[in-house]
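The same chain A turns up in both complexes below, where it pairs with chain B and then with chain C.
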Partner chain A sequence: MVVVEGVRFAYPPLSPEVPAPWVIDGLELTVRAGEWLAVMGASDSGKTTLCLLLAGLAPHLTGGEMTGRVVIAGRDTRHHPPPALADTVGLLFQEPEAQLFNPTVEAEVAWGLENLGLPPAEIRARVDEMLALLGLDLVRYRAPGQLSGGEKKRLAIAAVLAMRPALLVLDEPMGGLDPAGRAQVLAALSDLRHRDSATIVMTESDPEAVALFADRMVVLGEGRVALAGKPRDLFLQLDRLSALGVATPQMARLATALNRRLGTDFDFLTVDEAKTALGECLG
Partner chain B sequence: MSSRFDFFLARDSWLHRLDPRVKLWLVGLAGLTGLIYKQIAVLAALLVLAHLLLLSAQVPVARMRWLWVRLGPLLGMILVLQPLFAPGPGPALIRLGFLRLTVSGLLDGVSFALRAAALAFVAAILFLTTDPVRLVQGLVRLGLPYPWGLTVGLAIRYLPTTYGLFVTISEAQQARGWIVDQGGLGRRVRAYLPILVATVIAALRLSNNLGLALAARGLGYPARRTALHDIRFTASDWLVTALVGLLFGAAVAVRYGLGFGARPW
Partner chain C sequence: MAEWILEASELWFGYEEHQPILRGVTLRVPAGQFVALVGANGSGKTTLLKQFNGLLRPQRGQVRVAGQDVAQRSVGEMARQVGYLFQHPEQQIFSPTVWQEVAFGPRNLGLPSSEVEDRVREALARFGLNGVARLPPAVLGYGVRRRVTLASLAAMDPPILVLDEPTVGLDDAGLRETMAWIGERHAVGRTIVFATHEMDLVAEYAERVLVLHEGQIAADGPPADLFRQKELLSRASLIPPPVVLLAEALRPYGLQGEGLSVDALCDEVVALVERRS
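Our next item is the complex of A and B:
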């Protein structure tokens, strides 16, 4: 589904005399169809830029210099402008305000579908479905500006999910959400993934969400993949993750501490897994 | 950004239900009427009519007062500067050096101020009662390409947002001890400069992010655009179109046929 080959990318320089640094520097990445990939890394590690590259927005709209290639579902983003990829790639921006510009919640979800030229009955069905799925049906006719931060985030997600893209690129989808909102978003993503076999690339700083849902994770460092593997394997490498500025789940830290002190081989990442593993251990 | 700075007020009134093309027609012809007449009584009547229409559309008096307050400095400037710098014919009531104040100059000032106020309130009919999505649909139906229509809609949508940014930044700076409302005019202007710079940067960032979001959600996708709620002309739309056309025709006939309304009084 996604092939990123030898990509280097730099934003336009602020001054012609000073060359801009490579934000992405020799990135190699492959994502299988139907896979849920989490991308973690410290601030400025290139996570958001990777999202823009996957949606074709970089360098088409951001400007800047790019080498290498990004191929989404067989389409090279260098030769396909972002609007032409809109039926394949859905991008959730980190700041929801940036993508909410319609006068009502309903119009916001419908806008992308109207661009795709879907029949009105289909648009209505998808809008209804997404508003119900993300708990927004009661604010259907409200202006997005009147929503709470969490509701805005869910609305932005609903607008992207409604387009049913084969590849969902989510830049910090849990940021600013309360626990109930997080649960709703994760349930909606999980549902979409199972129903439509969507591929998900999600940058996320919340290790618990990654541990629960991602099939695989990569950690970016200095614009390239510094670590890759299953969350269960990577989250137990506390020192390496810490050096890369990545938070780890509390339960992973507990498991590692117990393993070091007691010589056990716990690998639980969530509270439920910890309860089960510790329960079995203690009889 | 809070929605307190949005133009559009969602209500269920006859003006809200009117097709946006009819409102463009109404606002265009009412605006032209304001431009071809100088008569104070006609301009005052147009201003009163605009207020009545806004009231009939359930626009709160507070919103109209808000607009009056924003227009205040502009109207004040017209009332003062017009008579002073374009006094017109007639004996001087007062002389201040090379400046002189005449009755015709004063009446011209009142006429121009009324015209500015009338045009602002006529335009407010469109912006306060038209859902921006429907406005864009109306413009597109009138032949504007969708991206152009959307640009107009977004400009209307983001003008108050930019004003909101300015207010928010200004409040934030003042909360941190920045003084903007003390001292002479020059000092006040200088005090607002950092706020303006921050507002421009924030607005540029907003517009950059918006451009990315529009492209990511398929603006320019190679398909014929559809609409969840399409606009359609109804009998009442035709009726209002005809009525507005007739009234404008009568206004033109009176103005140019009878020669009435070329002077303020």
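Our next item is the complex of A and C:
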């Protein structure tokens, strides 16, 4: 679904004398169809830029300099600018304000569907489904500007998911949400992924969410892939992740601390796994 | 010295008529306490915090800071006592360079310029900002701008810190650095009130947690007490951190303790294993 080959990217320089740094600097990445990939990394490691590259917004909208290629479902983003990718890629920006502009919540979700040229009955059905799934029923006639931060975020997610893109690119989808809101978004993503067999690339700083849901994760450092693998294999490497500025699940830290103290070899990442493992040990 | 450094009594506030966000909030914080304020998105955490530095004023009821009614005082006067960290650095930063941004507060305190310089230099060093002191804040990344706002507070060193989601958008290193600084301020006697959605931080750092729900303080006590109130947690959209959930699940095996941090739970599990062998 996604192939990123030898990509370097720099935003346009702030002044002509100072060359802009390579924000992405030799990135190699492939994502299989149907995979849920989490992208982690310190601030300024290139996570948001990677999202913009996958949607073709970089370099088409941002300008700047790019080498290498990004291929989405067989289409090179150099030759297929964002409108030509819109039927395949759905992008969620980190700040929901960046993508909300319709007069009502309902219209916001319907807007993309109208642009796809779907019949009105289909649009109504998808809008109802998304508003229910993300808990926005009660605010459907409100203006997006009047919503709370968490509601805005969920609305932006609903609008992207309603389009059922084959590739979902989500930049910090849980950022700023309360714990219940995070659970709601993860459940919605999980549902749709199974139903529509969507591919998900999500930057995320909450390691608990990554441990529960992602098939695979990559950690970016200095604009390239510093570590890649299954969450279980990576999250137990606490020191390497910490050096890359990445948070680790509490359960992974507990497993590591217990192994050190008790000589055990726990590898749990979630509360349920820890319950089972410790239950057997204590039972 | 007032007995309570922060007080709200029957505080009502709304942005629009007939839509009160705060519906009779009453709370008292003694000097030196480390308090977390939690609640769902839209529950009014920011609206409440802004009452404590005069950015918003009560429509009914009263707010007192160090014993004085905020209604009688200007935002400038209150800035000497209350350091306020906005949720987004954009809301806070307005000076043309990082140096000037950090110097703004101490200058307004009327300190001699050598003292202002010392404070700025110390704060920039503390947050690793020496390299960007002459740059405009707008060109810096989010995490760096967040550090600029923290350095501004550090240079003021007010007795009360009111922090609105201080760790949002920070990477792990930034989060640990921020919490370490807040912990240091608490250790030297400053009063801390911070709003957050991160229950692991609440469990690990707060002495007391206030739950804002439907415009009122729905729970008030140590974090471990809150995490036992399942019905309230669910109503207020709160979920205890993984360590606390695991500690609960291990209680039937004889685990003692609340599991408020990874280190604490590790000690508790090790003690349990040793007792049983």
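What we mean here is this: the second predicted complex is superposed on the first by the 283 of 283 C-alpha atoms of A that agree within 3 Å, B and C clash if a C-alpha of one lies under 4 Å from a C-alpha of the other, contacts with A are read in each partner's own complex, and residues count from 1 in each chain.
Simple rule for what comes next: contacts are C-beta pairs under 8 Å (C-beta built on N, C-alpha and C of every residue); 3 or more make two chains touch, one makes a residue touch a chain.
All of these numbers come straight from a predicted model, not from anything done at the bench.
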item	value
Fit or clash between chain C and chain B when superposed on chain A	fit
Chain B versus chain C as contact partner of A:Gly145, first or second or both or neither	first
A:Phe101 touches, of chain B and chain C: first, second, both or neither?	first
First, second, both or neither for A:Val127, with chain B first and chain C second	first
Which of chain B and chain C A:Met163 touches, first, second, both or neither	first
Partner chain in contact with A:Pro82 - chain B first, chain C second, else both or neither	first
Touched partner set for A:Pro12, first chain B, second chain C, both or neither	neither
Which of chain B and chain C A:Ser205 touches, first, second, both or neither	second
Superposed arrangement (fit on chain A Cα atoms) - minimum chain B/chain C Cα distance in Å	5
Contacting residues of chain C [partner chain A, same complex]	39-42, 139, 141-144, 168-175, 197, 199-200, 237-239, 241-243, 245-246, 249-250, 253-254, 262-263, 265-266, 269-270, 272-273, 276
Interfacial residue positions of chain A with respect to chain B in the complex	52, 55, 57, 60-62, 81-84, 86-87, 89-91, 93, 95, 97-99, 101-104, 106-107, 110-120, 123-124, 127, 141, 143-146, 159-160, 163
Chain A to chain C touching residues, read off their complex	14, 41-44, 148-151, 175-181, 183, 205, 208, 241-242, 245-251, 253-254, 257-258, 261-262, 270-271, 274-275, 278-279, 281-283
Complex interface listing, chain B residues touching chain A	1-3, 6, 8, 10, 131-133, 154, 157-158, 206, 209-230
